[in-house]
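Consider the two complexes below, in which chain A is the common component and chain B and chain C are the respective partners.
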Partner chain A sequence: MTGWHLNPEAIRRYAEGAAPMELAASAEAHLMKCAECRDAISSSVDTRRAGAIWHEVVDRVDSPRRSVAERILVRLGVGEATARLVAATPTLRGPWLLAVAGVLAFAAWAAQVDDRFLAVFLVVAPLGPLAGVAVAFAGGLDPTREIGLATPYSGMRLLLIRTAAVLAVTVPIVAAAGLALPGTHWPAAAWLLPTAGLTCAALALTSRMTPVVAVGVVATAWVLATAPATLAGRPGFAVGAGAQVFWLAVAIGAGAWLAVTRNTITIKLGRSA
Partner chain B sequence: MVSRPPDPRTDSQLLAAVAEGDREAFSELYRRHLPWLLVRLGRRCSSPELVDEVVQDTFVAVWRSAGRWDRRGEVAAWIWGIGIRRLVDALRRSRPPAGELMEFAGVETSAEEHVLLAVQYGDVGAALASLSPELRAVVQATVLDGLTTREAARLLGIPPGTVKTRMMRARALLRERLA
Partner chain C sequence: MTVRVRGATKSFGRTTALDSVDLEAGPGVTGLLGPNGAGKTTLLRIVATVLAPDHGTVTLLGRDPSRPADRTRIRERLGYLPQDAGFHRGFTVFEFIDYVAILKEMTDRRSRHDEVRRVIALTGLESVSAKRIRALSGGMRRRVGLAQALLGDPDLLVLDEPTAGLDPEQRLRFREMISHAGEKRTGIMSSHQTEDITALCTRIAVIHQGRARFTGTPGELTAQASGRVWTDAQRSPVALAAWRTGDGTYRNVGDPPAGAELIPPTLEDAYLLLMGEPEREVSRS
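So, the complex of A and B:
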């Protein structure tokens, strides 16, 4: 078919949709290979339509690419906006997570060396996720802070989403470090319920104070209450059966309170600028 | 609109430039390929909004995956491959009534046109025209649009086995008529 081109009449009929199947098939196959005829057909396209499509294309091409984390979340069914919020959480940055993992790995290794360090690990373990929650809302590090303060968006929802994301990431890290502990594996899980209880208590306190302060209060209380007994060799006070039940009750209670008051309280996400 | 001298680069040079982030090249590629893509996709889907969306998706994909073109064949064919697959996905999602897909198959031709076409396009055209609409649709999807059996099955809403048997029947019939 060298040298054969579509005549203008054929092009017009094809572009208008008035071409029978054989003409259309020939035209389409030819257009794949011939730039001249492609040019010839360009006059048949509505310029406004072409322009509108171009604007949309440019918009999408210019918007920032989704990060890997966002794409995974969207695949899992989380809404696009929520995924972006979660991905912007300061705590979920690589360096920060590595620091947490490093500290806990050190604590786990130290526990192998000396039994007393096991108790220290148990006291320190809940602080990892808690610190993560605090950092997630620390004004200085949060890239979405200004925008977040301005939206008519329930602070509670952001709080819960971010906290869930932080826990989802930090708890496995702490758990992994815990599995490196010597002896039986119950210590590896003994800090889970206290962490849950402490986190829920911190969340409940955010109605009165900013998340960072709430976490600080809760964490300090935890260390003050458990460190003396633990270091004296009685870890049962912090993580024994009684303590587990206590923290479970705290978690459920705080969770229920949050659920009941979610529409009536405002969360102070940070001091306004 | 300021008129610019036509860009002398070939499509393949433009695509290489797009892979490096050249927006001018992308704009030129869009200018060259939007018209035929719009018409060709428009003949396979009667909803202009859907076609616009699919074309948009296609060009965004062209921008993002320009580096992945294997440099074989025509750029137009590569763009078409992206476009038709997006169309298949979009039609699958919105599930239009089957009638829409068959529109292209039912154009009336006058007796005069029939003769002219037979002269211009030879017997193949006439043989194709004598196939039933289902067989023609399968031939169009696999041979002309370049879809695989699975993709053609998704587009036409029939099982892949049916696509294969219809292709076999179409081939047998065409061979018979062109023998």
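So, the complex of A and C:
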């Protein structure tokens, strides 16, 4: 019980959300213990506005807390829906990333022990990010693949989101391994343009085949074309100046083709429909 | 008709999973009945736009799923529970359903969360919505699968073996949910449980070895066994199938001998007869 009550003007201003902060705080404290004033204000409240506020409260309280990865992505400016899609990318799980890091660490260690193994690193380096793209769409590793296939989400958009996420994580791993190489540090960066070109070529092929097959085709072609010359002591064929220009052209060409055809091609995310 | 499949044929290598199958389905629940490996899942995957037939035509919700633009429109109005629905087990129930809602192009966060809460309530998952999926029982996971299929209140609901692996109480609960979901939309579900089909479906198609052996109502299929089920004190040597019942008598299904004590057939009797007979396609209106 209380000896005083809110006057009609205070009730009106509070109900409209137009009361100054000190009045609103005082009114709220009073309303908590005065049934008479609660009755009086109930007829003045804009039910739509109250509903919207309640809705927001429920959403804040009831929605799950985002995972650490999602929170980091949102902080970096990624949309919350995209962050959730990235968080579900199979490649971005610990065991797979550890495997990539392990293979590259071994290649870097081998190059430290014997200079001839430096060539092996240059051939292997682009395969890490490429394999990540394939794994992101491998049916056996994406448990929700079949559910996802029956949804209207654009295959091209999902492909690009997952590829960007995979590259963002695997490229630093490869770069770190490259910095551990003996001698000059040029090999630490020499694989970047070939990786970009090979990835774009694989993405462009996804209109004809599934990402896993496309990556397989591109990776096999890369190994067959570069391994013999590189292992014979001629790494320039794979990562020399001419090769860098070639891979830049491939990246630009395939990227442009993807951009131009993005609304007309069907990305075959393992689906045959 | 919401679903119209004509002459659908699908092969995987040398295996013909579907051989010129026709299927029509409108409002209500249509059941696909058949043994394991009969082709039910392949047919449902075609209806869910996950697979395209090698031959034949498919029309879903008045559109042609072989055309990319139409396929996207169909998928906007489609809910699908695959036979082996997988989950990101590290996600909570809410997070997983929210993930599928994003794939269903529900872009506004708040209204998407409202929709997630709606299907969670509809499938009785409120108490576990914050739990990780890996901590749930098989029955609860099946409910999560149904919940994601109900997102967006789809006009076409495709459920592949929705009650497989559930205990009797969970099956009853699932039947209630599917029955409710089928009241105002077209549902297609597969099962090899004749009780589920009898309880839920207004029409059925019996698929066997990639072919439709019967299409019609459950009553019409059951009627085919009329006069072909009898009880006896012993297993009849002329019966296609016979089993001892709880009262100690044998229930025989097949062509009865003269003077046999005939009893009313069930859908299961008719199904057994159909599976045991030489192939002939039977279709009812």
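Note that in this section the second predicted complex is superposed on the first by the 203 of 273 C-alpha atoms of A that agree within 3 Å, B and C clash if a C-alpha of one lies under 4 Å from a C-alpha of the other, contacts with A are read in each partner's own complex, and residues count from 1 in each chain.
Just so it is clear, a contact is a pair of C-beta atoms (placed from the backbone, for glycine too) under 8 Å apart; a residue touches a chain by one contact, two chains touch by 3 or more.
Quick caveat, the model's predicted, so the values are computed rather than measured.
Enquirer: Is A:Ser44 touching anything from chain B or chain C once the two structures are fitted on A? First, second, both or neither.
Expert: first
Enquirer: Using the superposition on chain A described above, determine whether A:Arg60 touches chain B (first), chain C (second), both, or neither.
Expert: First partner only.
Enquirer: For A:Glu28, decide between first (touching chain B), second (touching chain C), both and neither.
Expert: In the superposition, A:Glu28 contacts chain B only.
Enquirer: Kindly classify A:Ala168 by the partners it touches after superposition: chain B alone (first), chain C alone (second), both, or neither?
Expert: After superposing on A, A:Ala168 lies clear of both chain B and chain C.
Enquirer: Name the contact category of A:Pro20: first (chain B only), second (chain C only), both, or neither.
Expert: first
Enquirer: May I ask you to decide whether A:Val245 touches chain B, chain C, both, or neither, giving the answer as first, second, both or neither?
Expert: Touch status of A:Val245: no partner.
Enquirer: Does chain B (first) or chain C (second) touch A:Ala221, or do both, or does neither?
Expert: Neither partner.
Enquirer: Intersection of chain A residues contacting chain B with those contacting chain C?
Expert: 56
Enquirer: How about chain C: which of its residues touch chain A in the complex?
Expert: So the residues of chain C in touch with chain A come to 45-46, 48-52, 65-66, 68, 71-73, 75-76, 78, 80, 82, 84-89, 91-92, 94-95, 98-100, 102-105, 107, 109-110, 113-114, 117, 130, 148, 158.
Enquirer: Looking at the complex, which residues from chain B come into contact with chain A?
Expert: So the residues of chain B in touch with chain A come to 11, 26-27, 30-36, 38-40, 42-43, 52, 55-56, 59-60, 63-64, 74, 76-77, 80, 104-105, 107, 109, 113, 117, 121, 124-126, 128-129, 136, 140, 144.
Enquirer: Flag every residue of chain A that touches chain C in the complex, lowest number first.
Expert: Interface residues on the chain A side: 55-56, 59, 62-64, 80-81, 84-85, 88, 142-153, 266, 271-273.
Enquirer: Give every residue of chain A touching chain B within the complex, in rising order.
Expert: Touch list, chain A to chain B: 14-15, 17-26, 28-29, 31-33, 35, 38-39, 41-42, 44-45, 49-50, 52-54, 56-57, 60-61.
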